[in-house]
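Just below sit the structures, each encoded as structure tokens.
Okay, so subunit A shows up in both of these, paired with subunit B first and subunit C after.
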Partner chain A sequence: MKLFQSLRERLSDLPMGPAPLLVFGVAVVSAGLLFLAPAQRSGANLVFWTFSPDHHNAYLRVVPAFEEAHGVSADVLLVHGTAINQRLSSAFWARANVPDMVEVENTQSGQFFRGPIDQVGFRDLRPWLEASGMLDRIPENRLAPYTHQGRIFGIPHDVHPMMLAYRADLLDPLLEQAGLTIDDLDTWDAYIAFARDHVRPTGRYMLQLEDAAGYNFEPFLYQAGGDFFNADGEVIFDSDLVVETLMWWLPLVAGEDAIAVNFGSWGAPFFRGLEEGDYIMVVAPDWRTAGIERNLPQLSGKMRLMPLPAFGPGGRRTSTWGGTMLGITTATPDPDLAFAFAMHLYADLDILEEKFQTTNILPADRTAWSRPAFQAERPYWQGQRLGAEFAALADDIPVQTGHPFLQLAKDQVGNVVAASVSRWRRQGPEGMEDFVRERLHQAADYVRLQLRRMPDWEAGALPAFEEGQP
Partner chain B sequence: MKLNDPKIAPYVFLTPFAVIFSVFIAWPLFRSLLLSFTITSGPGAQVFVGTANYRFLLQDPDFWIAVRNTFTFVFFSLVIQVPLSLGLAMFLNRKGLWMRNALRFAFFSPHLMGLVFASILFTLLFAPRFGLVNEGLHAVTGGHWSMDTRWLSDARRVMPALVMVNLWLYVGYSMIYFLAALQGVDPQLYEAARVDGAGPFARFWNVTIPGIRHVLIFVVVISTIGGFQLFELPWLLLNNTPGPEKSGLTIVMYLYQNGFVSGDLGYASAIGWTLLLLVFCVSALQLKLSGSLRKESMA
Partner chain C sequence: MKKKPFMKTPSGGLDREAWTTVMIWLTLVSVAMIFLAPIVYLVAASVKTMEDFHRYSFFPPPDRMTLSNFASLFSQVNFSRFLLNSLFVTCTTVTLQLLMASLGGYALACYRFRGQQGLMLMLLVSMMIPAPVMLAPLYELLFHMRLIDTHAGLIIPGLVNVLGVFLFRQAMLNIPADLVHAGRVDGAGEFGIYWHVALPVVRPTIGAFTLIAFMGTWNSFLWPQVVLQSNELFTLPIALNQLVGLYNDDYGALMAGTLLAVLPVVLLFFLLQKEFISGLTEGAVKG
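Here is the complex of A and B:
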């Protein structure tokens, strides 16, 4: 008691009383506790990050079978896409808490391929893909986004062929009035003419397209045979083909003859617009169809899908939008086990079939496409065989060349799209082609400048960048 | 040696701060300065490039777009926010005002909401066709304002939208500072001014403004620094993009994109140090113009 009394007196004698010392003590004790008992790391043999709730739910159902078969444990964690991109980069850089496997969206995947090739945080999966035969089962174009300098850093999760989803209850009567069927809209010229002559007079729009960003232009760019980079990594998005495609796309969304309207991207206005028939069609890669089913169940039996019209007779009737890769990190101590888990998720036919029923996503492994679930008639889509429809287009999807600067290139093109739409709306089509060409050149030169700024990582040499030299 | 010796005790208390400041602030700042002279792809791959990052910055069109947007945001936020906050504070400082405390809380409360929530809220408010902002303007203008107006997807309207959301969030916050300052102005000065025949504007200019001068300068400087650090609001409101035609690209967003999306920590550091220099210059200019850098008279 005396000791306590004396301690109290001594503390009271401190210049600012006992409070600061108490705060300091609490800080020291907390820091000590955190140091001694850091956040628990997963004790599982495999840790797998995915950004998609749909994928996550599907994986959780099938993990126990893998664990049982291999006598290991696997943690599948749902991590927000943005967090994956940034946390994974940081984790690679700091060599800290890197998962064994991770799913990355294809626009972002390129950023992980920057820097010296031997410091990329993902393993080259080519040997495993070849040995397992998986390489032959994946549509060839689907590997492009995840291939860099000849190494395959990711297994494609999907194919994502694109179709048009439409309100059949609204479109069919208009087609009938025009004496046409949906098969007659097989080229964009026929499609646009029908939209202008028969749909716009009703006050509805034919299509929903985001016009303030580039992501609804990209599928058309790919369909037309354009790309952001070529196989040698050179910037090509200011080519004549891209100028022509953008000049073709702009009057779809701008000007008096526009047939498309912008209801935003995948939010409440988007769904309300489709429900109320403000627009009739929406570009629909396979993954979007499940979202439409979920968000608009009241449209069941009223929706159908059609292939994209081609740019010319006999041309490509599809494109692609989005995509996910599964990468195995260099940090994993057992890459064979990780690849076995990847195959369990991506190549087990029962699992792929079950996953398709909830996500509508066509898997990259073509052997699954003939399974019953892919041939089933879907009441929501007026009995269309969704899997078969998408599978029929899968081998026609265009190449999306991967590149460490792909995101930058897409952002640049998106800005040109937005600027061109604004200009068309303000000033009309006069001088538009020159404007588009000049803006695309500027945007491409900017990406080239950024590329020239990068050092030769392998040689550790200074960048080629010189002041005033774009 | 006794720890409670007045000569030693201050150093004992300063030590934790000094250690934490050195480890978590000073050292990273020094490292970021070194980083700004390199091009990186994560810490594992660095090449020393001297001042190339800074030279590139000067001719990087995106950086100048970010500078222009940031200055525009700071300017309009200040020009509108400060007078509005002060006016509101003066209004809510009136004695006998009905529901005065409730109104004060109502105007301050937006600041209590997180930026994420505010961004989600305003994404819906700004929506074309259904958004309340368009509906309100449509009603007020007797139908002249188009319901199709795109606030967040039209490059010309992105900045006004950002300024509006910023005002909604921070006018009440600045108002609290002004309210506190107004309550510190001696009422007798107003009485004396009134007796001397000063009108409302003269009383405001000669009594109120000098009385709250220090708080006014504080609010202006803090708002300026906050404006230069603008990131989360456009990032969330524009769906993790710089917006159409980069109309929402700010300096900090550009730093973030380069450092944490592109992985070029060196260039991001160069942007960060340039931002520091800009903020320092603008704040010093503000303090100089306001006379705050003059030494207080000892008389």
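Here is the complex of A and C:
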């Protein structure tokens, strides 16, 4: 402390005060240190940006094998997700410093498909996917988010089938009391009735759902067969189906009979609520199960997974949330080499297996699903075979139509969801359907207005993706 | 000055003035606790294991505290390199900004030339352009200058801080013209007058601006995130942000890193607090 005082007094005696000298001194010293240890520069043939540390670590381990096999150098750079979007936008606009390949999250990918189709910064990968046979190995609906005007701009990294993760130690006794098994909760009607009759009286909630945004409504919308855009690229999120689905969803989170509670979808309240049993279940795409394992190791052996209940007997038992694509940019001088590298990363079964063990993410290449790691029993989930459980649902995931304005549409629907929940809580269900319908119409009209500003836009002129026709 | 002791009423209670003091202190302490809570949370979070992270709101029991987050910060990510990068970029930028801003402020305050008012107006208007609007053109410019993925790409665009020019101009307007003339009469050159006459007079402004510029550059996130690509060039905010994963966050290391990252700013503040406060309050009580 005395040293600090003395330093302060000595510096204060300087004619211009201590600030400039101190800062200048640190600048000189740090410059000297950086001069002695300069940063290594990359002169790689291929530059690949990814935003996930888990992907990055897995890729780094297998890059040398590719480099050796092809006699080239490849540089895999970890760039934060937000930075990828900003940097890629800047690079595409300026046509400068564009990487050869890049991974983009599916909520962000659509923005890069804007504008005249021949000016999109990503290559149409259909010819390579067809020639390599990869097209047949990917669940067909998984290509939808990355397909625009019939062109496939991204190879899906994952499938992200959705299940429900639940506290078996809390739910099983309640099921037993009710004389039921988890298999009896195979429709949403049965699930909701059980939650209201047997779970809510205990003071716990059945489910955790975010009610101030749209992203926990979207999976239910997709499961019900709804979407934001149709195959022609037209806005359809104000259709009767969307209104009906939202009217079904709202009483899950609002009103006296609510069975779901909002603890936020990430962070301390979310995990603490699950640990303390404030709620029993969470919607769980494959990626979220790894987060639960890592943040709540103390729940090992207490958790299980079940498929989503269906909207009707024999209906779809899954949905999807999130996704990542790998795109090859038009800037790459050697697209064949870039595609070969993409296949090395996305179709190498050892890599896919290793990544699954750390992320629980089901890869898009179905040939990997029979590998041992995907069939392994997982103690955390009471011995369930996590990979096999998700793989069984993979071909049934709904279509998420990709679109340049998808994020805008999702934001608009999110606003309607939040406003509707708020109104239901204040005024009850009276007049709710008219309110929802009107708000969705307004939101959809806003997106249509923005859509007309897009070059080349004509209603019905943008075939996006048709189920069954990859 | 000797402090006045609390007065007691004949019945032994505190008098009105004493109660007022107590209430003021209680209010100040409450407000201070609100402001300090995030810092305490940060410290607590940096010594918790992942298992305890969500279990305890603040500190876990002493036997469960750990320094492993700090260890993993240095073993898993190149923290010392990022710290060095941040120090270099920040201190170089601040040094150059100080020079540029004080020279600009001196010219605008002590010289009379055609277009002076227009120039000042243009500088102030430029402050109103949101930074994200300039991202793409600036990126293209830097690309053609071959400055993408370099520290120079961070330093050069930030050389002139308009707020600094404005602060120095305002402070230097108070320098009496006679003092400048006296310098000339004594044979000092124009730079000599700036260096030996003007700068010592605006010493509080130098301290205040150093701290403002240091904090702004040290915490800068958007532009470095766009410009820097090589891991070894990352500054601390970018490097810490890499710990935020898509599927999982390493909260402990993130909090430990954030704690270490705020220390230089805190240290600088304590070193410069006298200058900083007098710089900000300069002219506030002028009659």
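Going forward, the second predicted complex is superposed on the first by the 414 of 470 C-alpha atoms of A that agree within 3 Å, B and C clash if a C-alpha of one lies under 4 Å from a C-alpha of the other, contacts with A are read in each partner's own complex, and residues count from 1 in each chain.
Keep this in mind: contacts are C-beta pairs under 8 Å (C-beta built on N, C-alpha and C of every residue); 3 or more make two chains touch, one makes a residue touch a chain.
What you are looking at is a predicted structure, and each value in this text was computed from that prediction instead of being measured.
Touch criterion met: A:Leu77 reaches subunit C, while subunit B stays clear of it.
Once the two complexes are laid over each other on the shared chain, residue contacts for A:Glu105 go to subunit C alone; subunit B is not touched. Applying the stated contact rule after C-alpha superposition, one finds that A:Leu36 touches neither subunit B nor subunit C.
When the two complexes are overlaid on their common chain A, residue A:Gly291 makes contact with subunit C while staying clear of subunit B. When the two structures are aligned on the shared chain, A:Asn97 is found in touch with subunit C, with no touch to subunit B.
Contacts of A:Gly115 after superposition on the shared chain: subunit B is touched, whereas subunit C is not. Where the contact sets of subunit A with subunit B and with subunit C meet, they give residues 15-16, 20, 24, 27, 82, 86, 89-90, 93-94, 268, 272. Per the touch definition, subunit B reaches subunit A in the complex via residues 4, 6, 9-10, 13, 16, 39, 41-45, 47, 49, 52, 55-56, 59, 61-62, 123-124, 127-130, 150, 152-156, 239-242, 244-246, 260-263.
Listing the residues of subunit C that touch subunit A in their complex gives 50-51, 53-55, 57, 81, 84-85, 87-88, 91-92, 94-95, 98, 135-136, 139-140, 143-144, 148-149, 151, 199-200, 203-204, 206-207, 210-211, 214, 222, 225-226, 229-233, 238, 241-248, 268, 270-272, 274-275. If you check the complex, the residues on subunit A that touch subunit B are 10, 13-16, 20, 24, 27, 82, 85-86, 89-90, 92-94, 111, 114-116, 119, 210-213, 262-265, 267-269, 272, 407-408, 411, 414-415, 418-419, 422, 446, 453-455, 457, 460-463, 465, 467-468. By the touch criterion given at the top, residues 4, 7-8, 11-12, 15-20, 22-24, 26-27, 30-31, 33-34, 37, 39-42, 51-54, 77-83, 86-87, 89-91, 93-94, 96-97, 105, 268, 271-272, 275, 287-288, 290-291, 294-298, 324, 359, 361 of subunit A touch subunit C in their complex.
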